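Just below sit the structures, each encoded as structure tokens.
Shared between the two complexes below is chain A, which has chain B as its partner in the first and chain C in the second.
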Partner chain A sequence: MLVWFLPMIKRWLGVLGALCLVIAIPGTASAAPQEATQSARKVVKVGVTQAVDSMNPFLAVRLVSGSLQRWMYSFLTVPDPKNLQPSPDLAESWTTSPDGLTWTFKIRTAKWSDGQPITADDAAWTFNKMMTDDAAKAGNGPAVENFTSVTANGQELTIKLKAPQASMLDIPVAIVPKHVWEKVTDIAKYEADQYPTVGSGPYVAVEHKKDQFVRLEANKDYWQGPAKIDELQVIFYDNPAAAVVGLKKGDIDLIGRLAPPDFESLKGDDNIVQWNTEGRRATYLQVNHGATTSDNKPIGDGHPALKDPRVRQALHYGIDKQKLVAETQNGLARPADGSIVPPLYKSFFWEASGASKIGYDAAKANQILDDAGYKKGADGIRTMPDGSRKLAFRFSIHTDAPSEEKLAEYLTGWFKELGIQLTARRLDSSKFTEETGTTALFDIAISGWSVNPDPEEVLGTHLCSRRPTASGQGGGTESFYCDPQYEDLYKQQQKELDRPKRADIIKKMQERLYADAPVIALYYPNDLEGYRKDRIASITPIPEDKGLLYGGSSYWPFYTVEAVTKDAAAESDGGPNPGLIAAIAAAVVVLALGGFVLARRRQGAADERE
Partner chain B sequence: MTVVIEAAPARHGLLRYAATKAGGALLSIAMVVVATFFLFRMLPGDPVRALAVGRNMTPEQLDLERARLGLDKSIPEQFLHFVGQTLRFDLGTSYEYKRPVLDLIGERIGPTLLLTGTALVLAVSLGIWQGARAGWKPGSRFDRFSTAISLVLWSVPTFWLGLLLLMVFAAGIGPIPGLFPTRGISSVDAPDGFGYVLDVAQHMVLPCLTLVAVVYAQYLLVMRSSVLDEVEQDYITTARAKGLKDDDIRRRHAVPNALLPTVTLVFMRIGFVVGGAVTVEAIFSWPGLGQLFYEAIRVPDFTLMQGTFLLITVSVILMNTLADVIYHVLDPRVRSV
Partner chain C sequence: MSNLAWVRRQRSVQRFWRDFRTHKAGMTGLVVLAVAVVLALVAPLFIDSGVTNVVSGTGAKLAPPSWDYPLGTDESGRSVLLMIWWGSRTSLLIGFLAALLSMVIGTVLGIAAGHFRGWAGAIVLRVTDWFLVLPSLVTALVLAAILGGSTATIIIAIGVTSWPSTARLIRAQTLAVEARPYIERSLALGAGHWHITTRHVLPNVAPLLLASTTLEVASAIVTESTLAFLGVSANKTSWGTMLRGSYDWGAATAGAWWYILIPGLCIVAVVMAFTLCGRALETVLNPRLRTRAAR
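Right, the complex of A and B next:
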């Protein structure tokens, strides 16, 4: 009954072999049409290792989607490429009432990509939608939390606030066209997959294949003038190593957010520029200094010794951050002498200096602990002053995170010199989040935060109100911190509309975190990217002086990007001809196949002769 | 005439057999639904907090999200809701994508079936062909060579092999040109029509090759050992005595009888085809279910994990049931038991 099966298999294998040949020879498949269309168009391909979660700006939360929003829509303001200060985007200018509760923005006269005029009504509709429809809060809800009302009059947008808010000029909300979006009945289910999209940014999305790519074309009606390239492609890779291969091969032209090992693997390729600048992230230790719930009841099982600021300070002295960067980050980070705001944000960055600076000093750390009465036992491990408990701490890290594993090794070694025992506790990400953010079942944990040009968001993660309730409601804390001085400074900076004065307050907040040590900053990872200089002629980072290419809160790099023209590219296109090599390879395979078939025939004949 | 008389009760028996098996499968599926609910509720961590890692979310917003996902209700309430939903083929809404899980699965099942289906057909063909030949003449050069190669490939980690193929044949090393694309199912500017088919085929070569290379050994070994069993059988000797050609004996007598265990194996694997190949899809950025599952774990997106998990389990159960029934048809010995 199944006799037909075997000869069929042989035939299939033959067909497959032939098909492989056809597919493998460049030019037979997609290669030829690609080249024909590309010669006329200037295309830049950005590789990303994060899939787009939603094209609907009211729902999207991922960084890649945030970048797309910056390219497709204008916001009220945008960080200035030179100094990252808020500068006009869709809002040409703005004024504030003396009490700081009323903001009036003048919306510029410009057009949506479908030719309709942009008015303040579009912006008012966007904000009102977020204020009135819970579904529209999913992406950026906190941005409008402090709004009382938003109204429009011609090109004038008026926002009234519940309380003064200095971060009003960094509202991360894409303004969408009312005439398109008011037709959407259920925002929670709307995918925004009508292409081309109607937007006001430098690009218009024309195609999106989920988990594969987004194709954007330059918006010819963009109010600053069209971008210098015709098309921007955002190409998704699931795997950073494959993306690096894609960059080396030229399937993509640029990739951002690389891990140190992937970044280093780009070394030695003449066509690739390794982009290594200050990043937007801080990596720190979260110390359980006596976690409490939002109604000030103790929660969790943190070690009592960590409630003592002197112990936390001793730990800080016991960490060699220079060595940590060299050994765990391949040197591609900056050791932290500050707190949670990285040095990329010059105006808000604070760094300890002089006597207040805590450098690596094991002797001093031991001195502090001795003075505080934590005596060493026979085994060299210190105990609580009342002798009740040893100073043995757990260090919560993520499973499958080699760099954290390494970090734990170094910290364990250094803390041992202080008479403190540290044991790594590996947790999968959801358990990690639960224990370090809600139930406080930890002593010390690894953490970090990517900071926006306005640092209010990260500062807010250390407020009393962010602690969870006993039943695990609410939340969002990064430290279980609740400090009157810090709270007071937070409120001050919210009201302070003078930028330098506000920056001073924010620096004081960081100083407080540094000295009190609910978190201990370890290093600021560098922004690691790579791009092909045979494809990208120039690209301006944000900020322009050693900033980010991909992942900054601005359209600037990809608005200013210039592609290498085809003529210039052709000259540099050396190396062996892939077509010729493929043809030779094909010939070899054909010969081998032929030989194989012939041999089989003989074999068959021999079988018959038997 | 006797044939006709015998066939009628046999068909009747088959129906009854199939009905029993289907009933058992339904029961298993019901148990899986219950288990899925509690399994994913038992996982540590608050899904909303997990979703909010590194994001600016106020306590009010976190509570809003919990309400949206129905996590503010009691466990029995959640369970009833879940069962009701599942019975209506509603797998809930993904936390991360904020879209119905069934829609997300629907979008990705095509690419997955294409890739894993093709790979299964190729692996089974290759395995059966090599296994039959190897088992027919055990200890021959062909046997030693093909068995050794398949075992080596079977032992190689999928991730490593995939990346290696990617680096060699997609990027190109030394004289080997980068013939294949580094990612995805099609090029961004793929042509329409037949050109598109070729483009997809070109994208499929490396992931398919990786999948085949890693799994075909199991078919080879099963086929080899069952052919080996047949070689000693009396009917083979009879066939030889009749003067049939060696090739014909193998093809027409030994292989059909030896195929049965392989059929079972194949059907068990078909169940897993739906689940995709998480590792291979992740390496080659193949937009299929495996990739979706991988993303769901990475977030972690509980409804999405729950939905894909349910789909994979149900398809394995269904395919196992089908295998049982087909086995019943194929092998008279099973029928008589």
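Right, the complex of A and C next:
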């Protein structure tokens, strides 16, 4: 029962923490690792508001851990920084058999950071571990679901598949050194906390204090040559307000994934660059259109009217996405005329145009509902054609999410004009995930997904097979959708190895989702970040043309980052003073409270999913 | 007989009003309260819940006070003045009803605990003590989260967590009343529990109850605002949800003082008014306080 009110307690502590920070600004840096003594060392500090769940790549699921993996380990392939197409990483080249069932990767000749050579055996061991040990599936299990066997011969890695799979060149699995990891007996309990870690990426982790920081040093043996900086630090903040203060006063040099209000508060600081580009996320409404389990039995208590595609379409017409973006996202998002793939991924992005485009048109929405026989009652609320039920829907949102509350207020206002009553229902994140993903106890819910360069994962969340089982086990559905046409297209794109042709099929899938409206895309939030230009001389985003700095599926930005060389004098601070000591004491209290909250924070909150 | 009682009651009300009028602070509070309550009651004659609808907010965002928007606008361009006015209905309603609920529970259990000695009274008393030591804000948060957000659940959450102090107070007064000789006489004449508690105890604790309830309303309004600020609200605009909105949407960093100050000042004013009234009532009704004040 305790978990019910924790979000509120957390919020309260957050408020307290933010207030303390305003009062005690000098104290916030106490979480940072010790300053390097040589001033010549180039250090870049990244602030994050998400703690590392595990340093073990087999277990970690959070975005911050995924980023660390990209910095510490090489993957088979990596999205090309120019166009996001798969490009060589640890695999130099690859070939496919004509039937698409056998893939052969040539592993490049390189060294682990401890000097041992990297061979195909390391890759084979990594994949085989995931295929044979259930505990190793926690992080990226679905990636190897379709594998029959993985074998190694020198530098040659051969993967045999059960069925063709076009996304083979976007396997999100970090290749770990066999000679280190084969000694691990229980993978589920292994925290990979022996430093320095042995890896093949541009950085090597040398220190990790749980919920405080991770310190990484440049890998001198990196096959592309060492990074331009000597040290990369990842510093955790319990709440975004504190992280923004940290950036402003120089405790950190860069912070990604900012919410619009935090981003806007960076305005006016001459040393801070506000980074505002297209993001990798789509925010959409999930509509309970008659949820069923994987054996096609109805589940949940969704409103019967939502089974009618005409009602869903009317809802779609009733939403002014332009206004939503302006009011709930401070204009820092792109209204969605497409579906679940954001415009960042140009080759897979689809957008409605012409007659099929659904814009804000309340009159048309009312017309559709009138024609479909949903008559307005005396109170202005429509009823089902048989008069059995009013069109009163629940709208499930998360507790403690101001922008979702505002969104709910707007939808309530607009739907009222359509004769539809909407009531917001605030749920804490675990209950929210359960009700909207497994038990289907919702009518309309807010949802979203951070999409990978290969969109197969997000497309898969609308498959029949992802619906919960009869016994109520969640399958990871985002919509309870089960549509033969969509299933068919999904299978087609899986087999299609020609990228442009596959992109066309994927666009058709989005078109289907757009027209049938099991999900209604609202907007694509921008990627909002900030960095200090007095510390970071240059950094290349991924993709290079207006892409992401932090949170992209590549090491590229932090491999190319160049620090400003600073004078030794500029670094020196005054000695401690009584005010500072008091401030540190205040910060310690804040951190202790923060730690208390963090310790209780559960994994897998909706916006932490990748 | 009943005529005599009626005259006596009328006289005591007149005497009470004469005394109360001499308390300037109490009168000020009463006037403020009367204005607030009347405004809340007549609000539907002039505006409707549409003023809290974001879709109809047409002003500029976080605009400072102007002729069109005398108290400025909020983050969605809604008039803060109209939202305060409409929101007062929620705040006052929750305040009054929660205090009433707390009063009813507190009175029933307080009289029961004072009247029934022995094990029954002891049990009621222990339950009261148990509720007294529960951290009421946390309990209210949990209750409201479990019951879901609606006006009724917020009222219940506040009511069931704030009654123990009333119960304690009423019990003490009940003990004092029941020690008086006429209760013994009444018992000797064959009066039952019901007769004694309703005919003798209740009228004698009523004045104290009135004073305590008045103070209780003030604390219920504050609790409602606190809950709303922490995210537990009834999906309706109240002064607490406005304060939360001002925090969530960065009114402080945007320099929108009107969005923070106005709801805050309204809460302060109404709570202050209730407190002044309650204190004045206490002084008038409690002879012991009166003599002390006279000295």
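Following the convention adopted for this analysis, the second predicted complex is superposed on the first by the 528 of 610 C-alpha atoms of A that agree within 3 Å, B and C clash if a C-alpha of one lies under 4 Å from a C-alpha of the other, contacts with A are read in each partner's own complex, and residues count from 1 in each chain.
Following the convention adopted for this analysis, a residue touches a chain if its C-beta (ideal position, glycine included) is under 8 Å from a C-beta of that chain, and two chains touch if they have at least 3 such contacts.
Small disclaimer: the values here were computed from a predicted structure and weren't measured.
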**Of chain B and chain C, the chain that contacts the larger number of chain A residues** = B
**Message:** Under the stated touch criterion, which partner chain does A:G413 make contact with: chain B (first), chain C (second), both, or neither?
**Reply:** second
**Request:** Mind working out whether A:P261 is in touch with chain B, chain C, both or neither, as first, second, both or neither?
**Result:** second
**Message:** Between chain B and chain C, whom does A:N271 touch in the aligned arrangement: first, second, both, or neither?
**Reply:** neither
**Prompt:** With the two structures laid over each other on chain A, which partner does A:R426 touch: chain B (first), chain C (second), both, or neither?
**Reply:** second
**Request:** Applying the touch criterion given at the start, work out whether A:Q224 contacts chain B, chain C, both or neither, answering first, second, both or neither.
**Result:** neither
**Message:** If we overlay the two complexes on their shared chain A, which of chain B and chain C does A:Q194 touch? Say first, second, both or neither.
**Reply:** neither
**Request:** Go through the superposed model and pick first if A:E327 touches only chain B, second if only chain C, both, or neither.
**Result:** second
**Request:** Look at A:D400 in the shared chain and tell me whether it touches chain B only, chain C only, both, or neither; answer first, second, both or neither.
**Result:** second
**Item:** chain B/chain C common contact set on chain A
**Value:** 1, 5, 7, 9, 12, 428
**Prompt:** In the complex of these two chains, what residues of chain A are touching chain B?
**Reply:** 1-3, 5-7, 9-10, 12-13, 16, 19-20, 22-24, 26, 28-30, 33-34, 37-38, 45, 51, 53-54, 59, 61, 134, 137-138, 141-142, 145, 188-189, 191, 209-213, 215, 233, 235-239, 241-243, 245-246, 248-249, 251, 294, 428-434, 437-438, 448-450, 457, 460-461, 465-466, 468, 472-476, 576, 578, 581-582, 604, 607-608, 610
**Request:** Please give the residue numbers of chain A that touch chain C in the complex, ascending.
**Result:** 1, 4-5, 7-9, 11-12, 15, 261, 264-265, 327, 399-400, 402, 405-406, 409-410, 412-414, 416-417, 423-426, 428
**Complete:** In their shared complex, chain A is touched by residues of chain B numbered 43-47, 49-50, 52-66, 68, 96-99, 107-108, 121-122, 125-126, 128-129, 132, 163, 166-167, 170-172, 175-191, 195, 198-199, 201-202, 205, 245-247, 251-252, 255-256, 259, 281-287, 291-292, 294-295, 300
**Message:** Considering only the defined contacts, which chain C positions touch chain A in the complex?
**Reply:** 53-56, 75-76, 138, 141-142, 145-146, 148-149, 230-232, 235, 245, 247-250, 253
